[in-house]
Amino acid sequence: MSADSGYNFAYLDEQTKRMIRRALLKAVAVPGYQVPFASREMPLPYGWGTGGIQVTAAVLGPEDTLKVIDQGADDTTNAVSIRRFFARTAGVATTTRTIEASVIQTRHRIPETPLTEDQILVYQVPIPEPLRWLEPREAETRALHALGDYGVMQVELYEDIAIHGKIKRAYDYPVEVAGRYLTSPSPIPKFDNPKLSDCPALQLFGAGREKRIYAIPPYTAVRSLDFEDHPFAVDHPGHPCAICGDTDSFLDEIVIDDAGGRIFVCSDTDHCRERQEGQAHENAA
Amino acid sequence: MKMPPDAILSARDLCFDYGNGQGVRRVSFDLWPGDVLGIVGESGSGKTTLLKLLGGLLAPSGGSLSYRETSGEVLDLLALPEARRRHLARTELGFVHQNPRDGLRLAVTAGGNVGERLMATGSRHYGRIRQSALDWLTRVEIDGARIDERPTEFSGGMQQRLQIARNLVSGPRLVLMDEPTGGLDVSVQARLLDLLRSLVADLGLSVVIVTHDLGVARLLADRLMVMQGGRVIEEGLTDQVLDDPREPYTQLLVSSVLAA
Amino acid sequence: MYVAVKGGEAAIDAAHAWLAEERRGDPSVAELGLDQIREQLGLAVDRVMAEASLHDPDLAALALKQAQGDVIEAVFLLRAYRTTLPRLAASLPVDTAKMAVERRISATFKDLPGGQILGPTYDYTHRLLDFALAAEGGEVPAAPKAKPGEGAMPRVLELLAGEGLMEREAPPEDETGPVPDLTREPLSFPAGRPLRLQAMARGDEGFLLALGYSTQRGYGRNHPFAGEIRQGEVSVEVEVPELGFAIDIGDIVLTECQSVNQFKGDATRPAQFTRGYGLVFGRGERKAMAMALVDRALRAEELGEAVQGPAQDEEFVLSHADNVEASGFVQHLKLPHYVDFQAELQLVRALRAKALKEAAE
């Protein structure tokens, strides 16, 4: 029984957790393959992280330390709401520090701090099907995956280069996992794509409304789709963070007045805080 | 099924029933490398249905269909696993629809349409894909400057030539064509026929072409099969069938062409 | 300024407190009791129960109170509760032929065994605001009601089926096999009729109404007649393995609609009428009728009809019928997307810079 009596530990009943764990095992065994699972109705709305929450609930134990981020930040409203949900229903320790967390639930970002083998990163996924915009029918997209028939996605990228001179996907940039399945990395900026590959942490993806779970096991090769003569490249914003001065992290743009004034600050609030603390320490010494 | 040693495609007793009495009844034939086989008949005679059976767009209710790959291996097309069938359909086979809109991606540029087969079979070099697309646009007499336009901006004749380029880019050995000149103006038809004839000859393609237009059949086909009520009622060399038809039905078909 | 962009726990707590205050409204007005909602807003309670797939009028009333009368929010509350409940047993199929009928009408026959029973319906009310209802304390005189039918009330479609004019429902392949449960297994396509009916029974009334309507306007036309609509109580029975027989665990009100549709026949089947089926909790008659129309439309492929309208497209209908899913995903656009937007901003700026540079050259 949990901190908030009346519900099971981490809200879901044990039978449901077992069902989700079976789906997770299959997902880990077939990297990048979308495993259908019997997504439950959660007390949070669909589209607000119900898939991620169910995956987190299924892997969370009493000894775990949980971090929840949305857009890279721990203090965005939905991150706060989900962190409170687990603090309330599971009574687990929570943290905002990436290095302290054993389970990190995220929406739209991968932390800047490199992850370790002792960590699990749980992604909230709105549309798990990378082919959905090219083919609305589930029956057909499943056939395309089964046959590894991905020419239509490559045509899409060809079109971008032909018309715009470059691949026009800034986030949710499609990847190929372990040389087999075409997979959506969820709407992370393509800036984060290189972190997906060969990552020591287990990466789990949950889509509640669409009822799909998939995974990238530790140290799995993840390739962002591209052309040999137009290789995948990350765009750097070209500004340092206005607070910590980092030039290598993904930045949020903050409009500060109505005259076009703006500053750029780290989207990963924990990363920014660590750098600030490090600088304060150096200055003191 | 036994397949003649040098045939590329062999059909035996192919059947299909729409449930209203129409369909295809026990059609058999062999196709040879470089052979152009015309199928003629009135609408409702089963010729387009037969082509769909050959192209895997419909599943026959009976009969067999064999194809000899480049490697010499004989494939049972009706029992081929889906993955293998799709691969074959975008490498060694081509299908030219009567309406080019059925065979093109209308939201994709001309270059993307031509390049799709290359990308679907593993090409990952943008420059080379684009060069192939340009070469093929030129071969089908489409101005290379229009490579980044969508087919919706093309005339009917250009759309049809684009569909042909999209099929030929992978170097297919067997191309199925359903009334490829249907729905086009007479002058446009003549130019397309010329183009088709030289492409077929240059590439040494094996072709099955369905047409109701005996003029098209005479110009393109080496041999003809005449269909009526789902059956093949007469077959032979094109000139022989058209100039000296044996069956009364064929005689009627031919005379209506002479009258027109 | 930076903190103001990113919300905090305090903001969420304050928002919840404000919401509670809004929900209560003017404290000088008496607070609504759940019994009042249950008894006097019965059709709202019925709809919440139907779309939440949980028959519990008291909890549905609570959900409506908690949601300030927002039906979809109330459905969501009740569904989130439902999902935590243990599954103790599956009932036997309810037998609507044995329904204690309160209302029963057929648009296909003027009279029929058992008769036409109008029941408590809005159908023939004039939609004039009744200002007498604005005054409190009015006594409602008892309505004259016919005695519940003594004789049998056969279902209209069975009368047609007896003559061979109506298709027989194909029995399930495995009569004793488990009934698929949409809330316990992920939906996959093709789904089949049992799952389709289940999805529609809990689907959004407005969505099904619009789709059903679209079939009447030519987007998948199938010539429907309201063969029979019946409403009333049926008993729910559960077989207890220890006892070896079924026991009655209570009565629920259901509304059932069976439509009669044309079918011209094909190579193997002579012309016959076909049916569409709708069944909902409570008195949700509009929903039951819309469901029957869409059920029949979704059988297009099975009956060899051309699939031309969205109502005939199984993936389209089932993927979008659930209002809790739809509401969540539409409203998730309120969540921050500044990372994605920032990435797009960078891209658009880069594309513009490239174009401007090329134009300058």
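Note that the chains take the letters A, B and C in the order they are written out, and that residue 1 is the start of every chain.
As a convention for this text, contacts are C-beta pairs under 8 Å (C-beta built on N, C-alpha and C of every residue); 3 or more make two chains touch, one makes a residue touch a chain.
In this text the structure is predicted, and so the values were computed from the model without any measurement.
A.B. asks: Just grab the chain with the largest centre-to-centre distance to chain C, centres being mean Cα coordinates.
C.D. replies: Most remote chain from chain C, centroid-wise, comes out as B.
A.B. asks: Which pairing of chains gives the most C-beta pairs in contact?
C.D. replies: Greatest number of C-beta pairs in contact occurs for A-C.
A.B. asks: Report the inter-centroid distance (CA atoms only) between chain A and chain C in whole Å.
C.D. replies: About 34 Å separates the centre of chain A from that of chain C.
A.B. asks: From the C-alpha centre of chain A to that of chain B, how far is it in Å?
C.D. replies: Whole-Å distance between the two chain centres: 48.
A.B. asks: Quick one: which bits of chain A touch chain C in the complex? Just the residue numbers, please.
C.D. replies: Residue list for chain A touching chain C: 7, 11, 13, 36-43, 45-48, 50, 70-73, 75-78, 80-81, 84, 107-109, 126, 136-139, 164-166, 168, 170-172, 187-191, 209, 211-212, 235, 237, 250-254, 256, 265, 267, 269.
A.B. asks: Under the touch definition given earlier, write down the residues of chain A that touch chain B in their complex.
C.D. replies: For chain A paired with chain B, touching residues are 143, 146-152, 154-155, 158-159, 161-163, 226-230.
A.B. asks: Going by the contact rule set out above, which residues of chain C touch chain A in the complex?
C.D. replies: Answer in residue numbers: 1-3, 5-9, 11-12, 76, 79-80, 82-84, 86, 183-190, 315, 319, 324-325, 327-332, 335-340, 342-347, 350-351, 354.
A.B. asks: Any idea which chain B residues touch chain A in the complex?
C.D. replies: Listed in rising order, the residues of chain B that touch chain A are 82-83, 86, 90, 105, 108-109, 111-112, 115-117, 119-121, 124-127, 129-130, 147-148.
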